[in-house]
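As written, the chains take the letters A, B, C and D, and residue 1 is the first residue of each chain.
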């Protein structure tokens, strides 16, 4: 489904990725863990073309993204990115809700405008999702009137409403209480059961272990280890992973 | 050739604030009824020697002395009063204010007797009768006289009797021009259907043009009267007596014959008229109270609003197009947008209007004044709007664009649905600024024969002399246009803010 | 009284684009050397009858006929050529363009012989000598003549010989006025130290003012010549011959005596001069190539920049103060700020300038032109700036203010350090807009006797007749002022964006 | 140190706090837990006067805040709030870093301008703190060039640099990997040892249990239970708390 090959990415003088590769199969759930600043968010952003990269290749469901020229992309480049984005949904670390729209409008905007779904149908779908995560009474609020956790949940629902084939979650539960994390988890699990490929950046190890088919460990812009969750958490191969997990799991 | 309007705008402005300045340059400053004149031994009469022959003008033999039929008349009157005549120079436009301020005892300089003026001053019985001439295109057959003008476009100068006649008729589309050449020009190229002006002007500018011809006989007689301060009733009576005497003795006729001004129309002077006749009939509707001017001023304000609102609409749309081209357009086009913006911001609006209205006919594109004003103002302001939108768009956090894109929305759709609504809120105060500035800039279009609020004010003030009253009303009207806009903008702002 | 500047601005603009328009109103349109004149049987001579006596003006006995000493001279010349003289009416300003376009054969209407004009046309040998008179305040003792003017402020009209004389002297602070009254007014109230103008003007406006007196004798003689197209060399030679003959036979003197124009200065006409003498010596520095005008234009541009930059500085600071008062001020004051903004946005800048410069002296506050321009423009633009800042401030997320406050920073400090830098970045394109508009609006200050770029252009163009060349240079200069501003703003924007 | 008495707070038609009271002693560390949207952030914002409340009283170190008139506060009102804010630091859920300043400038701005500390001294203090949380190489970056966790750490350091007597942390570790949570935790512990009163909103139960002297449980705008961490986590009295914790702790 997703193939990343020899990805190189620099921010000005910070050479972050020095050629990393990863294959993700359809329907797989992959958890990305690793210290803050190790490049997890950047990796997700490269996959849906929000971040320009200097070298390498990203292939999503057969559509190829090369080192896109962000300054003057060709028509085909733009078309390719657009196609990828239709397949790939993303939940941002900073939510990026639309401040001039209500919760409901935030959610139905893309389904109605892009997929051409009937407004009523879209609203019903949105309300169903909102109900599951306890937000049905906030449908007509504007984002600035919501608590942090509420905003995060709206951002998740907004991305899910597009029914993408791949979802990129960037710390989707950071502002959620554990109770709500469980709720969100079950929503995601349902989608996974429907065959959605899922990439999740998370700092909650138990969450990563529970939900994922595979765990990818980032450190300093490099993938230092990948493996089954049980393997990684019980028997990490790499010293750095061991160190990271030992500090984390002894709590 | 455009000096007239500017002259008037400026003069009227100056009237408000520098009334006292000109007194240094004038030669008398006493307030004096009939007795004072006798005591002083001279009657001060105001006239503008620049107005020219045959009224009052420098004697070629001795340029420091003035001659003219009004000089002769003034001297005859003075003689009858037993005093000497002393000329006080004043710009024509300011003769009546100068009279009212007491710079002179009477004003006599081809001043028509109009009801508006009579609000402020007394007039002696008329001392001269003059006429108006209609000019049309040579091939014109439908217009044989002034009665055929209903529904036609007719040009004239501002503040003239001809204008009053045309407006008094009703149903005539009157076009006010700043100078004497343009109406005949526009007539020749078909922008208007006729020109009504004083016979001398028609003779000079209209007659020689091979494309034009006179239509009908001279008409719309007007009367010249001597202006006297309201409170100097006894002076007025005395002067009426004197004119009467000069008429009866034939001295007045002799003066006019000397200056070759006598004609059949002057016989009217002998009728027992009180000075209210002549074209005054045409003006019955315009009577004293200020509110009678409201329709005219409001019509002017309407034109101002029409021009401003339509060109602002153009500016907003074209500006948006320019911004989008600049920010999201492909290579050569975004630079074209930048060039457009820099050039239109960098060149004066006046030049742009001139090219549109007077330049383009040279290559065969002839626009109506309204179209030229609309396009000229709109294209100019579009450049400014474009920059304001850009500022608004840049202020929207870039996460918003990313969120839209990663929902699969195209860039265009994201801009339309996500970026612009937020950018608009930010740009709104600047847009309001420009809209208000546009209300005032729109007065520039009077150079292309549009009569908007400033022009209407100038015209009314020049013919009624109620500079201050009308000025106040005009100022209130301008403010009345811009302030609701401010309020509206503020409400919109609040609404958008709450929705943020 | 202000008609002159506006007249010129407008005329010059119109020249660019409607050259062909006036040809309809003029009476001839053939290009003809000496032979053509004879063939046609008449010599077409351009003059402006509006200019007045004693040059050419309507005959009081028959207003359709013109008389004047130049009429007599034209007829004498025509008679010598064996043809008839035919007058072609043209506004004075456009006589030479009309000549060049072939609307007439010669132009003769008090046109001074200047080197600039000679770039474009030929001049006959001079046919008249005229003089300039200096006027000072009655109590003035230091200035006894033109030589005492160094370091003084001296008023004059634009495009006159007097101006050339004053500027040719160097070290004199020349103030250019739009009309003939104002320089004497300003002289009387002490704003300037002297006025140099043609003797007739001085006699009319200066002499009668009890506060003023003549200083020294008339001086700075100028020469009138007949203008002839460059290519009509043989016509020029023929006319020189004729003038020579008229001088020798005494006919010219007879004409001048008839019009009371003969005086001692005219003896100079008999000297074997070639037409280059007179004040021309003072003008040696101004020779043909365009770059010689650069210093003048650049000085004008300098004034434009000075006014624009200083008033923009005032606008930025005052605008900031108004915004802060409006957004963070306590109860009555924030409303005052709103009122200021609405009123200053809602009223025309021209009125504001007039109040400042011509209105305030009535209550004893007399400002220099620069001060009035600085304050007037600055206060007007401050209202617009205030709204732009407000827009910028409102666009900063409210979390920023909260973060500042909860760090213990006072509201004022937070605004200063956190809010304003971010707001400025957002408001920058709008501020650039206004700054560029200010460059153009600053040309309005020429009504209060400031000579900035537009005015300089008008003056130079009127005296050299190189409308198009100079117009192009002026346009480039304006663009050269606004474009770097745009670039600078863009760079600043990028810098601030990167720092965001 | 902090007394909240009968606090009433409504957002438009949402009547959130219906009279809640709480006492916090000097040097105490209090953890606030509870579902998303229960009013934890609002409670902190009321304490340092960012949020206007309709009724009640907040007293911080003897300075009283009444139902402040936000529309037209008197001079004294403003003075009181200002004094409280000097004593009380806050780390926001959304960070609110200053985008036009570098990391270092963000941190030293208030100490230099408000406390009048010498710029060099302030920079050194800041660098020392940054070094502890592994950010010394980002001192000259602007916030937008930082990862989510990096931004959060800068926000914490910025608040701590003012050396307040009371700190309000609103989910200070939401974007941090567990390793970094430990680091931040130790920074906070040091400050607690120096006697700083600390209020922390957190969704990490183990974090709450480890650091706090007392736990306050919010639900639907009400304080439903307060107690020692061990008590609350092992033997909650209220049914709602039990439910909440049972869902949370069985992970």
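We adopt the following convention: a residue touches a chain if its C-beta (ideal position, glycine included) is under 8 Å from a C-beta of that chain, and two chains touch if they have at least 3 such contacts.
Just so it is clear, the structure is predicted and the values come from calculations on it, not from any experiment.
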| item | value |
| --- | --- |
| Chain A-chain D separation of Cα centroids, rounded to whole Å | 28 |
| Inter-centroid spacing, chain C versus chain A (mean Cα positions, whole Å) | 68 |
| Centre distance in Å when chain B and chain C are each reduced to the mean of their C-alpha atoms | 23 |
| Chain C, residues touching no fewer than two other chains | none |
| Where chain D touches two or more other chains, by residue | 94 |
| Category of the chain touch graph - line, ring, star, complete, other | ring |
| Chains grouped in pairs wherever the two touch, ordered by label | A-B, A-D, B-C, C-D |
| Contact footprint of chain C on chain D as seen in their complex | 48, 50, 72, 78, 81-82, 85-86, 88-90, 92, 94, 96-100, 109-110, 113-115, 142, 144, 158-159, 162, 164 |
| List of chain C residues in touch with chain D within their complex | 331, 397, 399-400, 402-411, 413, 417-418, 421-422, 425, 496, 499-500 |
| In the complex with chain B, residue positions of chain C that touch it | 1-3, 6-7, 9-11, 13-14, 16-18, 20-22, 24-25, 27, 50, 52-54, 57-64, 67-69, 89, 91, 181, 184-185, 188, 200, 203-205, 208-209, 211, 259-260, 342-343, 345-351, 354-355, 358-359, 361-362, 384, 387-388, 390-392, 394-395, 426-430, 432-433, 436-437, 440, 443, 447, 475, 478-479, 482-483, 486, 493, 497 |
| Chain D partner contacts - residues on chain A that touch it in the complex | 11, 33-37, 41-42, 93-94, 145-150, 153, 170-171, 174-182, 203, 205-207, 210, 244, 247-249, 251 |
